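Okay, so chain A shows up in both of these, paired with chain B first and chain C after.
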Partner chain A sequence: MTESVLQVKELKLGISNGKHKIPIVNGVSFNLNKGETLGIVGESGCGKSLTSLALMGLLPPGIEWQDGDIKITEQSMKGVSHRVWRSVRGQKVAMIFQEPMSSLNPVFTIGNQIVEMIQSHNKMPKEEAKQHAIHMLKTLGIPRAEAVFNEYPHQLSGGMRQRVMIAMALSCNPDILIADEPTTALDVTIQAQILELMKDLQQKMDMSIILITHDLGVVAEMCDRVIVMYAGEIVEQSTVVELFDNPKHPYTKGLLASLPKIEERKEYLSSIKGVVPTAGNMPGGCRFAPRCTARHEKCDVKPVLRNYNDQSMVQCWLYSDN
Partner chain B sequence: MVTSIKERETLLKVEHLSKHFIVKKGFGKENVQTIKAVDDVSFEVKKGETFGIVGESGCGKSTTGRTILRLLEPTSGNVIFDGENIAALNTKEMRSKRRDMQIVFQDPFASLNPRMKVYNIIEEPLINFGIKDSTERMKRVYEVAEHVGLSKAQLDRLPHEFSGGQRQRIGIARALVSRPKLIIADEPVSALDVSIQSQVLNLMRSLQKEMDLTYIFISHDLNVVNHFCDRIGVMYLGKMVEIADKDELFKNPMHPYAKALFSALPKSHPLQKKERIVLQGDVPSPANPPSGCMFHTRCFECIDKCKTDIPVLKAINNQHRVSCHLYAE
Partner chain C sequence: MLLSYIVKRIFHAILVVIVISLIVFFSIRLTGDPVAIMFGAGEPSQEAIDQLTAELGLDQPLHIQYGLFMKGLLTFDLGESFRSGIPVMTLIAERVWPTMLLAFGGMVVALLIAFPVGIISAIKRDTFLDFGGRVFSLIGISFPNFWLGIMLILIFAVNLQWLPASGFEGFKYLILPSITLGLILSGVLARLVRSSMLEVLNQQYIRTAESKGISKWVVILKHAFRNALLPTTTFIGLQFGALLGGTVIIEQVFAWPGIGRLIIDAINQRDYPVVQGGVVFLALVMVVVNLIVDLSYSLIDPRIKAGKGK
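And now, the complex of A and B:
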């Protein structure tokens, strides 16, 4: 039996304007096993980044935790104090962000920032922390690690900054790494380097990764299981091979079909009509129904996420009689 | 019967185009540095075709696009558009020439004036090009709006009321309203989600057919370029390193950089096996470029000659040109 390191149950996050609660993430449940890579895909505004921020206890001001629970290695995180979150962050869960330039502090040296991170979680003399930081930089394949330790973020290239971010995130040996679009800002050749590196480190450190991305190529490259989100809900959850071979939800199908592929030659790409509805203007039944090509009467009632087979779950009426 | 692209006439010919930026170091100091953002780039674009320019950030692909339109003044070289060297035109002549060549920008949030109504945004080029009759302008705006799928009611709104994909439609409408022959599209879909991206690409393709447009399509996304373009030029550090028909280029990339670039593409299926060439290191700074071939510092097939001699773009066959010492006789 695989060990579960993270459980999310019926998580609802949203804003409220006095009387009405408007959920942006609407009842999301999933499980993360030890050593696995879980991909979360979806378009902008589908709630994937918000979900990941909730896992770090870093919800932006104005967003409230409306319902549900997050369990990180069996510990319930609902309503816990800042102090508890601080002990979890870095030690158990660490995160890397999309834009490495804006997540590093421009006025401190790289070394300074990593040592600060290490010392705030472990009681360690400064010299030892420095050695550990340099060791981490070397692990990430940064050439001249000793020199980079004393440099500022602006002196490094995008790929190097992302390596520094990963070094920082991994310096306290977390169980879970949340990577929010880690390679979106990078060029393809650098992206290939970083993805290789992440796979390699995952094996060495026996870590679980949640990879948030809109790039299905990166998913194919990295993930074991995938969650597809649409308008704040999980519409499909399955193993990666099943998702690519046999997508079920019309949204997933549309998403896969609208990608241009190297092997294919066609005049026009298929596309999903319309746009994602905004929070507060969500359709009552299935949230994808207004854009769906397979819409029928039942779709006015909200479907639930149910098992399709042992590899996948889907939230769609088309698969309800299984 | 549609004539094949090879038989068509050349619309744009870029000859030895260079754009160098001069950076002064320090106040009042003589110490100046030249950054060769685009260096000796030559290519041609045929009427009705889509020419793609790919490369990583900082390789000069956007600068090339802007220099062709003379939004940036070229340092040297010729741009021959429709038989006329536009690099030699004065500002006034150039202004009216831009009626025939337009640009669509990457960021639909930054490239539309937030305080102008969509109608006025699309109308503005027509005023600039001296169409005084307002009913004529209105006719043209409505016509182009219909082409890109904007309703009349939507024209009365402000840009912030639109989503990214719709804003990009507005940007395209603005470029099309002067009935240009050439459109330079600088990363037109990079800021959009995949499902919207395909809508915009489909729109651009159907407009090309209806209006017989020629595109220069600048992008870093190889999948999109492969889908959309007829011929592709690969740039690295301000140089054009390879130009070929897209099928030829994807099947048989010749320049070591192009090989690495295509092999770095993420898999399209999780079970796909991929031989990958992972390049070491980063792109060198254009302020301090390597000697000889720009790519030799990262090249896995580097020979002695690469460190000293600058290679030139040579034709291998009639569809394929490459700038690399490995293919020189």
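And now, the complex of A and C:
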């Protein structure tokens, strides 16, 4: 029996104008098992970042948690105090972001920023925290770790900064690491190194990873299971093998078709016409229908996410009789 | 690097002082002839007038007078007061302490008010508190110095009799003038702190800080505030001139024995050397303060090396 570290149930996040609640993330449910890597893919604007921020209680101002529940290692986070969230952040769930350039505070040293985090979760003397921070930097393969400890973010390259971010995120031994497009801003070689490191550390530290990306190549490389999000909903959820071998949702197929094959080197990646609809302008039935090549009459009614087989779920009328 | 920067700044400072000295030298001479008022109501003979004019050196052509003034400046000799005959340097030395104390007091009051008001306004954006903070700023910005000073005197000195209204005989005397000066400055400053904080709070590194599980106040006061301090410091540097200008008015209202009053009195008496010396001295102070502020950037923001600009 696999142990679940995170359960998200019917999560709704959105804005409200006056009396109307407008969901942006519209009833998302998933599970994350211990030691597993779960990918979340989808075009930008699908609600991937909002979903992940909700897992840390860091929704941006104006976005509210409208419905549903998040359970982190069995604890429901619905309506808990700031204090409880603080104990979760960094210690149970840690996060790294897309932009390593702007994710570290420019006016404090690397060491200061890591030690601060270590000491906020562990009562330990400064010297011990410092040693632990340097150890983390070394673990991430950062050369001259002792010197880097005293350096400022602007003195490091983008790849090094992202390593520092990961070192910091992992410094309190979290159960879950959320990586929101962690390598999008880096060049390909460095991207590969960082992903390799994450995989490596995941095994050593026995942690779960949620990897948000719009790069299916990265998914194939890293993930055990994948969630495909479209316009704030999960349209397909399956194991990685199943996703690549037997994609079901027309949106998933479109994403896969836009994966650049090395032989082809396409200029335009997208083979799906149109754009993601924004909250408030959602189509009534299936949200993907306006862009779908397999659209038919049933699509005016909203489909639900159903089990397709024991490896996958899909939200599409093509795979459902009633 | 740093040295060449400092040399450049000193050169710049000298230029500023020369320009200011020219302006004050000529404009004070537009106010009229000092000899005429020095005889008061009497009817002096032409001979006596000529003699006094020569004594004061005012019979020399203007360029010679200016040359002498500049030559004196180089040797820290600002001449003597036409009125009292006391060396201008001595007069300034007596007055510098009260003025600096007042400027410092005003700045402290301004910071004590502006930092909390600006920070709270920013983190409670668009709430009642923010609204209050913004109204406060607006009032601070739009009310004239002297009016507020007079109001404070009426309330605290005349009505409540808690604090002295004028003069300078101890710490108590510093309170009302400092508050007047500080309140005025705090309006603009609070507005600036608020907008810098709002900008910083939107940055990605603030989200990173929040994601670490540290306390909200550490995020605000350490991570955000330290970054918001940079534009604020620039501003304080730039406003130092306004602050000194403010002391001139406040010194009048509170009969404060500082350089501002020294200059105003000297203007009324057409005491050229005192006016010239006082104004050039204030200009020098301003230039030095700006230099210090510039150098302090690199302490606040490690990305900035002194001399490389922002």
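Operating definition for what follows: the second predicted complex is superposed on the first by the 312 of 322 C-alpha atoms of A that agree within 3 Å, B and C clash if a C-alpha of one lies under 4 Å from a C-alpha of the other, contacts with A are read in each partner's own complex, and residues count from 1 in each chain.
Just so we're on the same page, contacts are C-beta pairs under 8 Å (C-beta built on N, C-alpha and C of every residue); 3 or more make two chains touch, one makes a residue touch a chain.
The model shown is predicted, which means the values in this text are computed figures rather than measured ones.
If you put the two complexes together on chain A, you find that chain B and chain C both fit without a clash.
More residues of chain A lie in contact with B than with the other chain of the pair chain B and chain C. Contacts of A:M282 after superposition: neither chain B nor chain C is touched. In the superposed model, A:E221 makes contact with chain B only, not with chain C. Using the contact criterion defined above for the overlaid structures, shared-chain residue A:E43 touches chain B, although it does not reach chain C.
When both complexes are overlaid on chain A, the residue A:Q193 reaches chain B alone and has no touch with chain C.
Once the two complexes are overlaid on the shared chain, A:R89 sits against chain C while remaining clear of chain B.
In the superposition on chain A, contact is made by A:Y152 with chain C only, not with chain B. Figure legend note: chain B and chain C, brought together by superposition on chain A, show a least Cα distance of 5 Å. Interface residues of chain C, counted against chain A in their complex, comprise 125, 203-205, 207-216, 218, 222-223, 226-227, 300-303.
Of all the residues in chain B, the ones that touch chain A in their complex are 56-57, 163, 165-166, 193-199, 201-202, 205-206, 220, 222-224, 226-228, 250, 260-261, 263-272, 276, 278-279, 281-283.
Listing the residues of chain A that touch chain C in their complex gives 56, 58, 61, 82, 85-91, 94-95, 97, 99, 102-108, 116-117, 120-121, 152, 154, 165, 168, 172. Only residues 43-44, 143, 157-160, 187-193, 195-196, 214-221, 223, 240-241, 244, 254-255, 258-263, 266-272, 275 of chain A touch chain B when the two sit together in their complex.
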